[in-house]
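Every chain is named by a letter (A, B, C and D) in the order it is written, and numbering of its residues begins at 1.
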Amino acid sequence: MSGAEVPLAYALVGMVVLVRALYALFVRPHLLHKLVAGNLAASGVFLVITYAPDGGPPDPVAQALVLTGIVVSVAVTAYGAALLARLNETSGKPYLEHDHEA
Amino acid sequence: MSGAVASWLLAAPVALPLGAGLIVPLLRRGRSLAALAAGAGVVAAALLLLAVRDPDGAMELAVGGWSPPLGIRWRADLLAITFLLSTAVIALTVALFAALHLPRAEPALAGRLWAPLLFLWSALNALYLSADVFNLYVTLELLTLAAVMLVTLEGERQALDGAMRYLLVALAGSTVYLLGVALLYHATGTLDLTLAAGAVPGAALALMTVGLMAKGALFPLHGWLPPAHAAAPAPGSALLSAVVVKSAFYILLRLWLEAAPDEHAGRMLLAACGTGAVLWGSLLALTQKRLKLLVAYSTVAQLGYLLLVFPLAVGSWSGPAYAGAVWLAVSHGLAKAAMFLAAGTVMHALGHDRIAELRGLAHHAPVTMLTLALAGVTLMGLPPSGGFVAKWLLLSAAFGTGQWFWALVLLAGGLLAAVYTFRVIGAGFGEAALARVPRRAPQWLAFALATAALLAGVVAELPLRQLQEAAP
Amino acid sequence: MTLQGALPLAILGSSLLPGLIIFFLAEPHRRGRTWLNMAGAVIKVLLVAGALLGVYHGATFEVAVPLVPDYPLLLRLDPLALLFVSLSAVLWLLTTVYAVGYLEGSPNRSRFFGFFSLCVSATVGIAMAGNLFTLFFFYEVLTLSTYPLVVHRETEQSLRAGRIYLAYVMTGSAVLLGAVVWLHALAGPFEFAVSGGAVDHLDAEHRPALLAIFLLMVGGFGVKAALVPMHRWLPAAMVAPAPVSALLHAVAVVKAGAFGIARTVYDVFGAELAHDLGGTTVLAAVAGFTIIYGSLRALQQDDLKRRLAYSTVSQLSYIVLGVSLVGPLATIGGLVHLVHQGIMKITLFFAAGNLAETLHLHKVSELDGVGRRMPWTMAAFTVAAFGMMSAPPLAGFVSEWFLGLGALEGDAPWALAVLLASSLLNAAYFLPVVYRGWFRPRRGPWHENLPRHRLETHPWLLLPPVITAGMVIALGLFAASVWSPLTWVRLIAAQEYPL
Amino acid sequence: MGARAVLAVLAIALTGWLAVHLTSTPVAGLGQQVDAHLHASGVASPITAVLLNFRALDTLYEVSVLAVALIATLSLEPTRQPRVPPSPGPLLVWLVPRLTPVMLLLAGYLWWAGSTRPGGAFQAGATIAGLLLLLALKGPDPGLQGRGGHALAMAGPLWFLLVGSATALAGSAFLQYPDAWVKTLILTVEGVLTAAIGVTLALLAGGGRRQA
């Protein structure tokens, strides 16, 4: 988490991860895929946050933000998994209903 | 010393419900008492904030003694106080309703509602007070988790499904928002909106806005709201529809009117989304067969009105437009909470909420019927209601700035609201026995909220004037 | 607060407070409810009498309650306001008496009288409104508080009527609101002008906008004034109980529309500007058409209340016509008809209600010989009917006389023709009723609906129509006296058209 | 499939746009600010200074989020089919008792090191959580699902909140540690947080469920 500067490449990788994950979050029907995708997307953003141009020392605030962000996304993902398990038990399938108005 | 006072007054609305929320799950009995006590404290703090308010400078506090850009600042300007206070009034009434209504109507839920309610409340207050974009991100996550938990309480498939939908959209939304935060930080070297004012890069603004629109169920990202809000227990739905979704609008106000005041093209886009919300939400509300879903779709529509403020708040008309939008948010909050609580009574009294089968309500639950009607008046924006004065101001701004198109949207929305409201009222007439005779006290609480929404149209002059002066 | 300020609020409160209290009275409290109603109604009449005296001697009563920045709730008692206020106050008193008798033992009376009082409060609010904001404010309160009265019987039919009523009136209000706010965006905040218009200072480039606004506003008001083709809700609303129909048709709703049009023409735009814009010409044409159309439709109705409803559609446009013909005499005719039509029409509805309540008679074809069974009721009906045909020396004649003169003065002979034709049509649909009642023999026994009284029906039902019928005669005979509405209206006309 | 293709194209476009934007704007930060005030923060590690002092509010909310996630998970009614009771292999049985003290030591070190170099409550808490899970796998279950475990989980944010409120009541700003106490307070907060985070993560990983 510390040491050398974080080059642009990381940030760009982060971008790709983020967009790809969000894409999966929307198109994948299986809820487990969606949850993992959501978590990955967040990680992508963290890479962007830590982006510090060559030369400059790593920005401690940015790293602190990432640490906080990680904990938050862990919490949300964990809860999401529990919710998914519960939903799977009640409805018998790990997918969302599409006729919610019924 | 005033520093200490500021420290208490600003900390109380966040700390009291947060602390209570952490303790309540550990209590065996007296949960409702603890929750209500904390709530009363928040109301008191909010009232004091209003009382000691200095029109020339908002009360501020550098949390931890570190002021921005290094630290985080709490700031209680008129906008924050207005939202703090209206949220406090609504949340406390909803809590009282829950304490009186749930033990009989849904005993299984009685004890489990308090934790999410308190966390929700704390997160909202934290959100109102903060102008630090990352701090806002964390409060939004706290808010989302508490809100999703509220939705799951009923525990059957529909509730869990709605909750999951909500969670996923919120997850995507907050990720996009966070990316916006990253860009803002890299571009300005600060996370504080007041310091970044005027320098917010367009990309950051766009990303944060999209993220917030997802969290705030703003058209076209509203799809998750109705199933979620309709699935929650009545007090939960009331809070979600009345205040939670408006938190996103609150941040949008700060972003677009205070931090990035010159992004005019984007404002038009927001209002266009608002138009879509008003029309689409109202039309769907018309087609619903269940009362709770109808009320939920009306929320989608009413949120659309709020977005119209962005193109209208320009030049000499920014004052009226701003005051109108804020006042609309407040009165809609009161009315919508009243409506969902009334819907809860209906559920309890009839055992269902199918609109086609509401016969007998007018006779056996007249108070609830009247509550739905009075709340409806605010949704239609007719006098004597807070919705009317707010709409009057927005309409004036629309014609005054020569944007008559938005005026048409406001008027059409009012008519559609009338149609779906009177659809419910009309269904309540006629003689028929109820499954259960609902208790009186909770009904009067909902009635009180609806009446407050009406009073917001009669005693509005002073707050509206002050809001106009405080407009950015 | 000064007396000047207190009086308008007191006039408003004398019906508002009883109404609010009544809502929370349990159904059985018949006595308390009746006392509250009567007390409120009597107090209102007394207050209004005081106001008349004061205004006649040049006092001004006005109060502004802040509501929206720059747009206060402004209540002001000017002569035009008082004309409408007095009408509402007097007829509310009589209708309350009538309603108490009419609803004897029927359910939901607390709800009924609660909204009934709200209706009247809204109406006097409209009458006393000193600016468009206030006028619209009470106009909408009226819309909402009338709905529960229309659907009072809670039958499928009455609910349908309620839906139709809302569909028309709400659309009208949306149009009205848009027009009002648009006008304020052009002219800024303003009050009703004492003489001349409030917006006639606007310069010429706004002319097209002003014409559009004028038409939208009279269109919005026209829905409640039942101008064709926006009149359909009125016959549908006939399903409401008789006291409601009486109040709706004689005073509250329809008059609110006509009154709104009068305010728009005289005190917002000013007769002159309204005329120059060409707005009044359009309005006069619509009114003329409505007069004839209403009468023709009335001819075709066998259901007595529906016949009366279409007659209302027609008669209301007398007022609108008088206003839109622009000129002192026409103004006098139109405004005085606001009062005269109210009293004549309420008499007819009281009488129709009595026939229905006492003998279950709803159709004209069933009325043969009813004059022998219910002479007082039929007498009252006959007087009012002749008044409607504007037979001298009754009230209707006075209105029509001035309207006719106005038509000639504003060289619109076509209007005179319309009025005469309408009188003939009135005769054509009222005379058969009167003839059947008095001169056709009854075949078979009556279907007695109420317990027998010494009188022909319940005294609380009989008294009001007899009184109003007396007024119809008096207003005609003593039209020239100082206290007649006519004198009062001359006062207003003199204000609008200073000579 | 057409829709997906469109989405994919949009995704790629978005990536490009963001990348361009990021590279085009000069990158600012708060590095100097942190260095300038580090001495007053009570800790030597800049990251810890930000987490527990400069932006302590974020961390308070963050651990609250963890607590809410736990409460929310527990409030989803417990499953009908409970987790299968563990059948620990010989390796676990041999390893876990020997590993326990090491991991405790490691957690303690991370906690203490947090004040001077990278590390701190979260890393330490994660270690504790791992340990607890291992114990659960080996059995018998450490039994944290009871009231005691929940109390322990809530203790973290509660203590943090208490400290913050105490400073407010003492007359200084919310969460403003008095200079004399900075280090001690931060360490105690981190200590309680470590335990709480450990328990919370362990419970979350188990879905908060009791074994059969």
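Note that in this section a residue touches a chain if its C-beta (ideal position, glycine included) is under 8 Å from a C-beta of that chain, and two chains touch if they have at least 3 such contacts.
Note that the structure is a prediction, hence the values are computed from the model and not measured.
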Shortest hop count from chain B to chain D along touching chains? 1
Let me spell it out: compute each chain's centre from its C-alpha atoms, then which one is farthest from chain B's centre? C
Using Cα averages as centroids, what's the distance between chain C and chain D in whole Å? 73
How far is the middle of chain A from the middle of chain B, if each middle is the mean of its Cα atoms, in Å? 27
Could you put a whole-Å number on the gap between the CA centroids of chain A and chain D? 17
When the centre of a chain is set as the mean of its C-alpha atoms, what distance in Å lies between chain A and chain C? 68
Check: chain C positions touching at least 2 other chains come out as none
Of all the residues in chain D, which ones touch at least 2 other chains? 18, 22, 27, 29-30, 33-34, 54-55, 58, 62, 65, 68-69, 72, 76-77
When you check chain A against every other chain, which residues touch at least two of them? 22, 26, 48, 51, 61-62, 65, 68, 72, 75-76, 79, 83, 86
By the document's touch rule, what are all the touching chain pairs in this structure? A-B, A-D, B-C, B-D
Within their complex, state which residues of chain B touch chain D. 1, 3-4, 7-8, 10-11, 15, 18-19, 21-23, 25-26, 61-66, 69-72, 74, 112, 115-116, 119, 122-123, 126, 134-135, 138-139, 141-142, 145-146, 148-149, 152-153, 155, 179, 183, 185-190, 201, 203
As the complex stands, chain A meets chain B at residues 18, 22, 25-26, 31, 34-35, 38, 41-42, 44-45, 48-49, 51, 61-62, 65, 68-69, 72, 75-76, 79-80, 83-84, 86-87, 90-91, 96-97, 100-101
List the residues on chain A that touch chain D in their complex, please. 1-2, 8, 11-12, 15-16, 19-20, 22-23, 26-27, 48, 51-53, 56-65, 67-68, 70-72, 74-76, 78-79, 81-83, 85-86, 89
Chain D contacts chain A in the complex at 4, 7-8, 11-12, 14-15, 18-19, 22-23, 27, 29-31, 33-34, 46-47, 49-51, 54-55, 58-59, 62-63, 65-66, 68-69, 72-73, 76-77, 79-81, 118, 122, 197, 201, 204-205, 207-208
Contact residues on chain B for chain C in the complex? 320, 323, 362-363, 366, 377, 382-384, 388-389, 392-393, 395-396, 398-400, 404, 407-408, 411-412, 414-415, 418, 422, 426, 429-431, 457-458, 460-462, 464-465, 468
